[in-house]
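Here it is: the structure, laid out below.
Every chain is named by a letter (A, B, C and D) in the order it is written, and numbering of its residues begins at 1.
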Amino acid sequence: MTRKIPQIICALFGMTLFLLYFSQHPTARNLNLTILNDYFQIIFAFTLLVGVVSFVKVNLKAFERGEDRSYHLVSVIGVFIMPLLAIIWGIKGDSPFMWVFENIQVPMQATVFALLAFFVASASFRGFRARSVQATILLAAALIMLLSRSTIGDMIADQIPQIADWIRNYPSMAARRAILIGIGLGSLTTSLRVMVGIERTWLGGDK
Amino acid sequence: MKKLESRHYVFLGLFVVILLTMLLNVRLEIRVSPETQKMYNYIDSLPEGSVLMVSFDHEASAVPEIKPLALSILRHAFKKGHKLIGVSLLAEGTGIGYRLMQETAGEYNKVYGRDLVYLGFKPQYIAAILSMGESIPETFPEDYLGRPYTQFPLLDSVKNYDNVAGVISIADGSLTTHWIEYAHARYHVPVTAAVAAVMMTTYDPYISSGQLHAMVGGLRGAAEYEKLLKIGGSGRRGMLAQTSAHLYVIAMIIAGNIVYFLRRNKRVKS
Amino acid sequence: MDAGTVIAGILTLAILTFLYRDNPVYKLAESLLIGVSIGYFLVINWSNTIMDLMFVPLFTQGKLMLIIPLILGLLMFGRFNRKTTVLSRIPIAVLIGSGAGVAIPAMLDARTLQQMSATVTPILAPDGLPNISELVVMAGVITTLIYFYFSREHRGWWGKSATMGTYFLMIFFGTTFAYTVMSRMSTFIGRMEFLLSDFLKLTQ
Amino acid sequence: MLLYLTKLALVPAVAWFDVSKLPVLISAVIAVVIVLYTTYSRKSRERFKIREIAGLKAIEEAIGRATEMALPVLYTPGWGGDIQRPTTIASLNILSHIAEKTAQYNCHLLFPTHDPVIMSVAQEVVRESYARAGFIDRFKEDDIRYVTSSQFGYAAAVEGLITRLKPASIFLLGTFEAESLILAETGNIAGAIQIAGTDSTIQLSFFIVACDYTLIGEELFAASGYLSGDRSIMASIRAQDILKIIIIIFMVTAVLWASFAPSADWWVFR
């Protein structure tokens, strides 16, 4: 029973949305949008609470065990301080909530993102070695593209940007197409298996 | 002190290269691409006092790349005497957009309410875009700081996209697509975009089909735009660093291979 | 300099220290980032989704249909207790079922069919000569699809075609890697710009 | 929003079926029939050889390595996905297999995610796997944890876990965005064996460069089928191959047709 009912709901919603995809009727479009947008967002919003409770629990347990106390405390304070600020001063314009967001969260997120520049450099150093035919092709393609994208490329030879454009528009795009076609097929069969109920891992499986 | 590993040298090298090239403050001479020129001409050719809608459709993490672009566009618009309505379709872009508009408005002595208004964020972007096509005051009854729409002289004559000369979407992802597919396709308002470099190829097809009127992208685009505006800015300052960083990555690939072949030869000999 | 810039500058440096190695300063910044961002999402979800999308239309505009997602959302709270956890399977079934239902036609259309049609271009140029570039595209798409063929071992001519496919894949990977480098560097340059000009006031 | 909907409602009786989507419907029906036929027909479920996928064989090895070294296994599905995405479902299938192994070997399995819904489902999946392996007492719900929904907050959190817990093996399977290389390089520095797989075409290049094994696009879906060991699921992989042959025949025919009859366009689906 605990598996049958979700299974049936899953199949019903699957069929409905499959059919809705093919309709332009206002009622159908409306229903489509309601389920995909409102339902999804609302369920997510409630589940977020479940996630946050679990996060706080994990951190408090670690705090009790005495592992790295200050870090866990900082995380938990962070979780509570934002709603607190929002409740007291609101979340518009120059509110403290936005101040924390802009001066604490944003710069840190942007910096974690910026770490990528360094990882790109170290990955380039380590990952592009001409070990095999495949690796050499990977290396050559990357080098030609990099050269063409920096001003140096056109200084060495006028043809470099042209070659690079050709590679991007033909052989590279061909592979991308095949990858996308494959992903389309893989998604299709996976979704179908879920709908007809052969795929039940999300229910914990039942072998 | 722990022993430094090869990756530390790689990191350090990149850091030094970028630091030096930025401190040098050299302006690399750059060619303005036709794309950027088209964007510039578009804003430049609008009659003075045109109302433009600027939408901040990006996340906070993209700010380093997006900010120089956004600043150039805002500065150009204010310089030409256009009036700006700011909105945001991504929650994270909201506060950033507000700040950027305030900052540039200050530079050109523009008055909030008369020359610019910031309406803020609306969730569900498709619905928001469509609903503004019917009525902007009903979509945004209040501005970002909660003051009523009717309070601002700029908005007196703005009811929907018919009263707006164009929409400029500042984006790091695919949100511009929705402006094209809904605001442009349905309400025929010209859409232009300032986007992160990674997204440029995604929007190329829309440029060639004319659905996207003009586009400027990446730090390079910002640098070109600054050149057209004849102002110094972080885009132009960053260009030398950008080119050097590219060369550095090329050097790393080559160095990696040298190390690899040296080691392999050694192994073969022994 | 305002307090915001100072704090932002210090936190930026704190994150960058990770490049040397993990350290208490980075750990503190990381914990703060995780905590604050969770708090931020909680607030944004409350105001944009729970209030604007559900409670306001439900109670002030009388959109009673919104009771359905409200109940589905509440069922997720079943996860708070081991005994009621099965209740959460219902909203999850709605999400997964709907996702699968849309994915079948949407993925087939956007990923497979559109890519198939886009590949079709004449392999003969107007002057009757073969169009090399289009031949390359055809060869690339077909050999790469052969690489993805699972129910036959990669041996003989079939195996050779699949290997050919891997060459095309490598060209694609090399190209995309190089293409994204530019954006990644811009991000770091933007951060340096903030550090050097706003925070340390070294450049202008 | 409301306005838009009322406007739509006023449009007189729009047909229920959108004719422009007929080609998609026909192809979907063909595809569905083929998949269902191969899945349920006994004949097609009989043995057929399947080719090796390098990343798959490595899974066993990776868990074995973690067990020997008495270090954890880290598994994360990326920031780009949600539970509605088929890729996430495929990833959770692989997770279920891996969890069964880690249960048997008494190896610590960590699963950080950015999405609370994925967390909830993953907890069920892993619990069930541990029960199936007969070691439910080894299951710790807290190991399947929500970190934060912020993209780079998530990246920082996983980066921190990898650096501190030094997992011997890392699985990056799902939909990834820009965080891909942050995680892959951090894993590399920590010396972990890394198996990645994603449907995000751009991120694949980073995984190819930085990870030991990469499941490319469709291979990720196929892998989830292989591991299940279920004949009917494996049969649907066979269906994918049949569809591929049809696609190739379609394209070759259309290309030849296009070369000799330039005005035809029956292969365009829109």
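Some notes on this structure:
Keep this in mind: a contact is a pair of C-beta atoms (placed from the backbone, for glycine too) under 8 Å apart; a residue touches a chain by one contact, two chains touch by 3 or more.
This structure is a prediction, so every number in the text was calculated from the model and none was measured.
Excluding subunit C leaves the other chains joined by touching in one piece. Counting C-beta pairs in contact, the chain pair with the largest number is A-C. Put simply, the C-alpha centre of subunit B and that of subunit D have 33 angstrom between them.
Work out the mean CA point of subunit A and of subunit B, and you get 22 Å between them. Averaging C-alpha coordinates per chain places the centre of subunit A 12 Å away from that of subunit D. Residue positions 21, 24-25, 28, 31-32, 82-84, 86, 89, 117, 120-121, 124, 147-153, 156, 159, 201-202, 204, 206, 208-209, 216-218, 222, 237, 240, 244, 247 of subunit D are each in touch with at least two other chains. For subunit B, the set of residues touching two or more other chains reads 7, 11, 15, 18, 61-64, 124, 127, 198, 245-246, 249. Across the assembly, subunit A contributes residues 18, 21-22, 40, 43-44, 47-50, 52, 55, 101-102, 105-106, 108-110, 112-118, 120, 122, 124, 126-128, 138-139, 142-143, 146, 149, 176, 179-183, 185, 187-188, 190-192, 194, 202-203 that each touch 2 or more other chains. Because contacts link each chain to all the remaining chains, their graph is best described as complete. Within the complex formed with subunit C, the residues of subunit A that make contact are 2-3, 5-7, 9-18, 20-22, 34-36, 38-50, 52-53, 55, 68, 70-72, 74-83, 86, 91, 97, 99-118, 120, 133-135, 137-146, 149, 166-185, 187-188, 190-192, 194-195, 202-203. Interface residues of subunit A, counted against subunit B in their complex, comprise 33, 37, 92-93, 98, 101-102, 105-106, 109-110, 112-114, 117-118, 120-122, 124-131, 139, 142-143, 146-147, 149-152. Contacts from subunit D toward subunit A in the complex involve residues 5, 8-9, 11, 14-18, 21, 24-25, 28, 31-32, 35-36, 39, 82-84, 86-87, 89-90, 92-93, 96, 115-117, 119-121, 124-125, 127-129, 132, 141-142, 145-153, 155-156, 159, 178, 181-182, 184-186, 188, 199, 201, 204, 206, 208-210, 216-218, 220-222, 224-225, 228, 230, 232-233, 236-237, 239-240, 243-244, 247. The touching residues of subunit C, counted against subunit D in their complex, run 15, 18, 22, 27, 30, 33-34, 37-38, 40-41, 76, 79, 85, 88-89, 92, 95-96, 98-100, 102-105, 107-109, 112-114, 116-117, 119-124, 134, 138, 141-142, 145, 148-154, 169-170, 172-177, 180. Residues 7, 59, 61, 124, 127-128, 130-131, 133-135, 138, 198 of subunit B are the ones that touch subunit D when the two sit in their complex.
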